[in-house]
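Once you've had a glance at the structure underneath, I'll fire off some questions.
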């Protein structure tokens, strides 16, 4: 597997910080762990690092993604390989990102900013590491467990897939192509561990976010989330439904600024190194994305932030 | 992570092959992929290798466990480290295990036989790798997805934990100790990837099996499994319930020969390299094991095969 | 409560009998209990009367609904009251409907044909009445439990509500009106027992069916149904989702002829005689109907059969 | 159906009022709607009458059960029939029970006190009757929906069944007998509406309570309840599991005084007037009660309060 462990943080722009606080904290149940004028840091109850979401007021859309790496040696290796690939690569220092150590900043071929780092201040999960309860007794709102993955849009999926594979040891668990005869890549769901996807991308404008996703326990948690979205006037994009891709169950919805979020449940499979990569052809891709509706809603391929 | 990918096969003895066939095939839904006099090979619908369970008639209990490794280099390295640890280590050849390539046979400090291998004939999952359905339309019985982990009993947990860690790069996601003051190890739930456990062990007689477990989708699948166990007269040991350890939901039950099986659901967490290991103290251990009952049934600590 | 016990049968037209057989039997899991050229009779596994669905080839749409009454005295009383109301009322004889006894045929103010009867040949449920299993071991497809209710469209909802209340002792569990100031009735969900609805109607063309619904166990059964619809190429209209009205969880889908079906789960409440009727106002009605999307899809108010 | 609508209130003794308040309010989520020294009145969020539980300090066990009747005429009829049966019957006046109108007090042949009444002050559900949410946004603890039924122990089940049937129009949905040859009644699950049971009884000491039960939405709510019981140190008697009888899913647990409660989910069937009564024979009765374990735990037949 890759020495990249996970999507460690998402940094977003929002139009109104207080609306965002309400959405991510009261509705989704994250905790605000730090704040400064115009900026919030939040974590989910089951995450052990200091934060997983950074929100800054002003506009809408993705600022950058942070992926945590398991050793400085691996970090240096990823840096070297990314440079050799021809990507723009730089170093950032401890403190540039609150509570985050030194790291490497990579501009993906799709212009997205990816930060790799090995250290973030340890906070511990809300249930703790000694005789823990199964979940926090006073869970809030949806009670999201952790930030799980992101889906971005890229102009050249094949190029980004090659980068992620050659430079960062990601593997494709599932791939969308035009047809079995025409292997042009339309999207790829890539993993750095056993999860079906830690970073996914589909063809679209560069440097844009389609959504980032929170893990929930199961299909019943998805229903509860949907109910709360209705109570809290959160716009739902689609769902509850199942994905064909990853087999996960899902709701897509929007934060008040218009950034798309997902709640996602289901351990469809363990994407080990010998996992036989799944191929979706464009004629079946809508079923792959929304397994029940079997057609894409208009927003899916047009709304990016 | 470890170059060990997963528990690839379990080899068991049963008293009656036809009863076992009925249990593992009709009740649990595995497919018999090969048979010879006195012996059956089976796989689950979502496994891609040739088989994951080998059953041989005669007696009861565990013969051996096979773990799949991702490269010959890693295999050789595990062999070398195991020898240095002082374990009994040997090589086995392609064909000694049906459809399995060359490998390394290790006798654990607990006398269990562990086989490491890199190749098993590829069979593909029942849903396939091109535009797959979410699950097989004509699923049978419980419809187990895959064999997920095993729990064995060992006389010296600390020694086995050290072996698995030093020689095979397993990490402990959760550990049971006497108390925060007395760190004597009572059990350990070790992972080679992101799953909470690929091999777990608790203090008990050497070379014995507590249970091996099948992955199911969620808590509702656990209910359906329990219902089918009742219809098919399968003895249930405990459950449906939740584990505190791993947070998974579960039923323990027995095959007709008396080997304990488990159906297990739930992605409690992703046990990445920086996962803060959870400690259970003996006064809370019953809650850790059976989160609702908070007491161990008699069988839990006495029935091994 | 009313002496009407339940929606006992639905009689439908379909364009192709074999496609309908496949849909209602293989996909939904009903059993074909009788057939004649151009006509099928089916029942669900948990229904104890001879059949609950009659399908006749030729066209599409609702032929009639049958409601079972608990005594001949009540039947005669309903007949008398319906006549006094001014409805067209007639008698039908045993044998006119296969396995159904004598009864009363009423033309509702909305031109729908409603048949009331007290006797249908007893068949027994598939699990039986002595030490029954919780569900049939070899359930097929979606495994629908029973036909639960129908939603029809009527030109004058207030008139139909008055008829059902005054003549048949139905009560409104939930009602949709223009606003708290303008009490014009847009729809009514009426019960003859404790269920939230045994017959519902919304404003629309007379003598048309919106859908009829099957009971399923819970939200997880709804997911399984949706998955099977995808595997079997059944067009889904909407769902899985929750209704605000009744709080039930649901998928709307179509049979091959275009008749809308529903799978429905959830005992939202017991609509006893003192149940405080719920009012939905038109500005919130979309949320009442599709609790998550909070908007009506185009089909909802345009597709009737 | 019967003019009895439902189990309207349960009156209990507890050893410690504050412990009971914590249990019924914080853990189960009922609201304390009135209190006086030594006494609490509570309701669930989805109940519309003033209260459904009365708790008085001093001892343990059932004081009485109140069943709500739909009209004064029916009340008078039940009174007359109960007298004719030979039961001890009296009248009580408005105000004797807080917020409850005049009524009839019956001593069952099993010495239990049953109060019938037609009026209790209306409170409304927590979600209200105008454009209601599916459930209260700020639900507390388990979030029980309503008190659903009670199971009492009686020395002569056949006599009590005859009383409930002849005097109060209850019907038996399920019955337990010694065997198909020996029809001695061991227990009966009786309904006054469509629910599988509004009052059930099994053979045991007179004037004792086995448990009373709260309705929850589904099997996932049962899991959540079990988790909270563990967090709140509530002793679980058995479960989560399924009943064969009623097919409902369940946990039995105890309040701090030792009164047994149940959380119960599932609309197994609608027990209409022509429902074919289910018979359980004593050799299969354990499976009927605990469908998975298929054996009774010791407490089931020995712990009554």
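As written, the chain order gives the labels A, B, C and D, with residue 1 at the start of each chain.
Just so it is clear, a contact is a pair of C-beta atoms (placed from the backbone, for glycine too) under 8 Å apart; a residue touches a chain by one contact, two chains touch by 3 or more.
Every value quoted in this text rests on a predicted model; they were computed, and no experiment measured them.
Compared with subunit D, the chain whose C-alpha mean position is the greatest distance off is A.
Here A-B and A-C are compared, and the pair linked by more C-beta contacts is A-B. Between subunit B and subunit C, the centres computed from C-alpha atoms are 47 Å apart. Chain geometry summary: the mean Cα position of subunit A and that of subunit B are 30 Å apart. Chain geometry summary: the mean Cα position of subunit A and that of subunit C are 43 Å apart.
Annotation for subunit A: residues touching 2 or more other chains are 133-135, 218-220, 227, 230, 242, 244, 287, 291.
By the touch criterion given at the top, residues 133-135, 137, 218, 220, 227-228, 230-232 of subunit C touch subunit B in their complex. Looking at the complex, you find that subunit C touches subunit D at residues 1, 5-6, 46, 48-49, 68, 70, 122, 124-125, 129-135, 145-146, 180, 193-195, 215, 217-220, 242, 244, 247, 265-267, 269-270, 272-281, 284, 287-288, 291. Residue ranges of subunit D in contact with subunit B, taken from their complex: 219-220, 223, 226-227, 229-230, 236, 239-242, 244, 249, 251, 287, 291-294.
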